[in-house]
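See the structures that follow.
You will see chain A twice below: alongside chain B first, and alongside chain C after that.
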Partner chain A sequence: MTRRFTALAALAVVCAAVEVVAGRGMSPGVVWEVLNGGGDATERHIVFQLRLPRLLVALGAGACLAVAGLVLQSALRNPLAGPEVTGVTPGAVLGAVTATALGLAGWDAPLAVVLAACAGGCAGAALLWLLAGRGRGDPAQTAVHGVLVSAVLGGLTAMVLLVEPGELGSVVQWLVGTTEGRVWEHWHLLWPWALVWGVAAWLLAGPLTLLRCGDDIALAAGLSAHRARTLALLCAVALTAGAVAAVGALGFIGLLVPHLAVAVFGADLRRSLPGAALTGAVVVCGADAAAQLSSRLLATALDSGRLTLPVGALTACLGAALLLLVVRRTPSRTF
Partner chain B sequence: MTESVGIHVEGVHFGYPGRPVLRGVDLTVRPGELTALIGLNGCGKSTLLRLAAGLLHPDEGRVLLGEDDVARLSRRATARRVALLHQSAPAVPGMTVRHLVRQGRYAARGPLGMLREGDDPVVRRALRDVGVEAWADRDVDALSGGERQRVRLAMALAQDTRVLLLDEPTTYLDLHHQLDVLQTVVRLREERGLTVVMVLHDLAHAARFAERIVALREGRVVADGAPKQVVTPGLLAEVLQVAGRVGEDPEGGWPVCYPDHPIAALEYENQIH
Partner chain C sequence: MVAVLLAVSSVCALSLGTPYVPPHRLVAAVLEGDTTLAGIVVSELRVPRLLLASVAGACLGAAGLVLQEALRNPLAVPEMLGVSSGAALGVAAPLVLAFSLPAAVQPLLAIGGAALGGGLTLLVAGIGRSPSAVLLTGAAVAAALQAALLVLMVMADQLDLQLIYRYLLGSLSARTWDDVTGLWPWLLVAAPALVLCAPVLSVLRLGDEDAEALGVRAQRARLAALAIAVVLIAPVTAVCGPVAWVGFLAPHLSRWFAPAAGAVRWLPWSAAWGAAVVVVADVPARLALAPVETPAGAWTALLGVPAGVALMRSGGRRGAAARRTTAAPPAGAAQPVHRGGPGPGGPPSPPLGTTGPEDVR
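Showing the complex of A and B:
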């Protein structure tokens, strides 16, 4: 188990290194020189003010989304749950977009974006809860209703954007999810939030592991299943909102990384929650590095200097393929 | 060894909207007794167990564990007094045997205690009790039905309660594993003075293993006593709605049933009126 954590941590370091050198216009040698205290003012600015915060935000957001997803899947006992398909992410996007359009939040009030995203995320989850009604216990029913809720919330977001377009380019990037242009401000907002809610989620590891065994067993073993589930959902919404406020609606991380984490670290959430955090960080960071490298290739191929591929587009494509695997492997038997 | 605990069910009514399940049940299970609950599907056996485990609360009347009213105990306090083995359980991907059994310690350890590493002596004893130590690190989902049932029994034993409730512990098992589970229960109850109530579908098992049989029909207790007194052709007809004969096991002396054919409810009513 320790070996798996170590291997994953090593992978995280590799991804981080690639991420730092993947950007355009600087050779790895120059980056190394800057990290060792050399380089000119512009190069130092690029590395320390642009690339490092971007790397940290990618790692942090990935960890948040993955933990949120694992908490959701455990609390709802639903392998198809994830922030994207339970209305949490689209709700958070709607909340943030609305708050920005109303002038309540924006680049000058980043905390307001997080809070608005939180409120929206809660509203999205609540909407699903109400709509699913008696079908809550059934993973497929919840998934279908989740798609419905996500579509409605997405539509509302589009309406808000049509009324109050703002800077269309940045908004689109945000809807897809990107780490482009994330600076220290974002990181300073993300890490305390992620730390508080991440620790809260980890303290719930015992109850959540029990909830994975089903309500009947959890209740008989002495867990107040309802209360534990409510607390867990709160953690999941908060973590998702933090990530969405930082990088936008990064697709499929929260849905798929938990499956990887459980496969690698087992159903004991004391281990698989930190495992999911690390896996999520690696996946988002790696995807971002890959997105930057392919942006470079595409830019040369299409001869367009300004083309950038948002990381969210990459995770969504990868995720859709992986989701197909999960759906086909999901067991439905009881014992 | 701590004192055995009895269960007192006093005038319990329970129902779902438009469907009464228990209609006034009084039952006293003495400390250390091994009781079998029998009856047709839907007669309220499982409901009675769930009420005794505090998973449901009666509409009228009350259930006492020792001196304490179950409805007034917290979920954790109840789980420290009574363990319930459910009829079936969902699959839990990725969960090992040791880990599932450790979940039985939740009530004793609490949410933060569950973060601690390692088994306590009770978990090790529970694994040993049902003989699953050898494959404690295998995935539960990879086990056969009989093995899984033993693991789930170990999880209930890990709660270290004085009262053990079993809801059809043998239903999905072959004969070998049925006897295996029941004999484990009998042995543990003798060793530890556990109070055991189990719902059984198989009257043969009830007659052989239980000290006392309680029969339910339409939410009421209709027969209650030692197997020899209770298991009669009349009981077969009234409670299980089958016509049959009853003999005696030549070696053990317990009653043996030879069920012949089912009788319709109407036919039965005609017989007694």
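Showing the complex of A and C:
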């Protein structure tokens, strides 16, 4: 188990190194020189004011999304309960978009965006909670209602964008999910939030492991299942909202990374929760590095400076590939 | 009920707006033709739009029912086949990449994209045998196409972005007779196929083994049903964009009103409900923020989904019975996707993994 953690941590370091080097306009040698204290003012600015915060935001957001997904899947005992399916991500996007459209928040006030995204995410989750009613325990029903809630929230976002069409350009990064142009301010907002709720999730790891086994077993072990589930849901919503406010609606991370983490670290959440955080960080950071590298290659190949690959597109592709893999490996199974 | 709803909303759609044409003068206005302003507006703008709305709704509703029955899953929606993402890609690519194309080719591109997405899903679905595997492949293809669309959206400038976004939501504004006539050949192909496949559908929902025992080749029948759904959806999404949630809502409504009937009777009802939903949603889409047009897809999501949920929940025993028949998942299928974890309590449904227009919207 320790060896797996070490391997994953090494992978994270490699991804981070690639991410720092991968961007446009500087060769790896120059980056190394800058890190050793050399370089001129522009190069120093690029590395320390643009690349490092971007790297940190990617790591933090990936960890947040993965932990939120694992907590949701365990609390609802539903392998499909990613943040996208439970109405949390669409709600957070709606909150961020509404705050921007009303002029309450902008790039100069990231804190307002985080708060608005959090409120929206809570609203989405609360809507699902109300709608699911008594059928809460049934995963299939929860999934149906989650899809419906997402639809309504998506329609509301569309309406807001129609009333304020000028804002579409500035909010498209929330709709897509990208780490372009993240600066230290975003990181300073993300890390305390992620730390507080991450620690809360870690404290809940034991009860969540019991919840995974079913309500009856959890009750027999002396756990107040209802309260533990409510706390866990709150935690997951807060983590997702923080991540969405930082990088936008990154697809598939919250749905697929928890499965990966459980496959590698086992079903005991006390181990697989940190594992999921590490895996999520590695996946998002690696995807971001790959997106930067490939957009650099594509830009030189096609000779057009406009081409940038958002990391959201790459994670969606990854998710698609993983889904196909699951289908191929178990062609006749019903899921 | 459907007929009343359709009639009322059709009259509203024809008479409201600027200029207001009172209902009793509608026939006269159409007969006058292009001699008066009202005649031109009604016969050249409102009638084709109404026809297009009802045809599009009927196609989406029927396709939704075919999908849900063939895949035995209440969550199978047309958006999951990759058809709408493909069509959106076909619309967005020439806009953003600034190809100069003759005007005649542009509608063909959307249909081409839709056919590409659907064909890709069908091709890859040959691997997976079970209904849920087919759904998963569809979701994967849709997600991959969505990723390409995201790249285009980030590259696009402000105006192109507006156009793409409006198309993604599904809009009926400024559609003329040309668009309506473009749909007919597809319908001529799809309608007989639908009639032929309806009895097979009611056999398919019994489960693969029972269907085989009754002499239906389940795999082949399912692929044929998927192909019919693609043929139904592709031209509609090419013309008016993926109008959201019609293909999900219409079959559920038709089942709720006649829980005991089979697929053969649900099919026309589902088409009728689809038409009603789109026609009703188009009225506020045209008038709510006049003179600005709002996309009909946003209204189907905003009004249709809560209405559908309220209907399905309020029904008491009748609703519960309907839900039990519709939401009946394949029995004994409680296998989690992941390994190592304790299994989930009930039968899980397929992943709704497309972070696509649903989230983008």
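Quick note on the criterion: the second predicted complex is superposed on the first by the 312 of 335 C-alpha atoms of A that agree within 3 Å, B and C clash if a C-alpha of one lies under 4 Å from a C-alpha of the other, contacts with A are read in each partner's own complex, and residues count from 1 in each chain.
The rule is simple: a contact is a pair of C-beta atoms (placed from the backbone, for glycine too) under 8 Å apart; a residue touches a chain by one contact, two chains touch by 3 or more.
The structure displayed is predicted, hence computed values, not measured ones.
In the superposed model, A:Leu210 lies in contact with chain B only, and not with chain C. By the document's definition of touching, of the two partners only chain C reaches A:Pro90; chain B does not. Shared-chain residue A:Ala220: touches chain B; no touch with chain C.
Contacts of A:Leu293 after superposition on the shared chain: neither chain B nor chain C is touched. Of the two partner chains placed by superposition, only chain C is touched by A:Cys317; chain B is not. Contact with neither chain B nor chain C is seen for A:Val196 once the two complexes are overlaid on the shared chain.
In the superposed pair of complexes, A:Leu175 makes contact with chain C only, with no contact to chain B. Between chain B and chain C, C touches the greater number of residues of chain A.
Of the two partner chains placed by the overlay, neither chain B nor chain C lies in contact with A:Ala17.
Contacts of A:Ala267 after superposition on the shared chain: both chain B and chain C are touched. In the superposition on chain A, the residues of chain A contacted by chain B and by chain C overlap at 77, 79, 212-214, 262-263, 266-267, 331, 333-335. Residues 77-80, 82, 84-85, 89-90, 93, 131, 133, 137-141, 143-148, 150-152, 154-159, 161-163, 165, 168-169, 172-173, 175-178, 212-214, 249, 251-252, 255, 258-259, 262-263, 266-267, 306-310, 312-314, 316-317, 319-321, 323-324, 326-328, 330-335 of chain A touch chain C in their complex.
Within the complex, the chain C residues that touch chain A are 74-75, 124, 127-133, 136-137, 139-141, 143-144, 146-148, 150-151, 153-155, 157-158, 161-162, 165, 169, 244-245, 248, 289, 292, 294-295, 297-302, 305-306, 308-309, 313, 327, 329-330, 333, 335-342, 344-353, 355, 357-361. By the touch rule above, chain B contacts chain A in their complex via residues 53, 55, 74-76, 78-80, 83-84, 86, 88-96, 99-100, 103-104, 106-107, 109-115, 117, 141, 145, 148, 155-156, 159, 172. Interface of chain A with chain B (complex): residues 77, 79, 202-207, 209-210, 212-214, 216-217, 219-224, 228, 262-263, 266-268, 270, 272, 331, 333-335.
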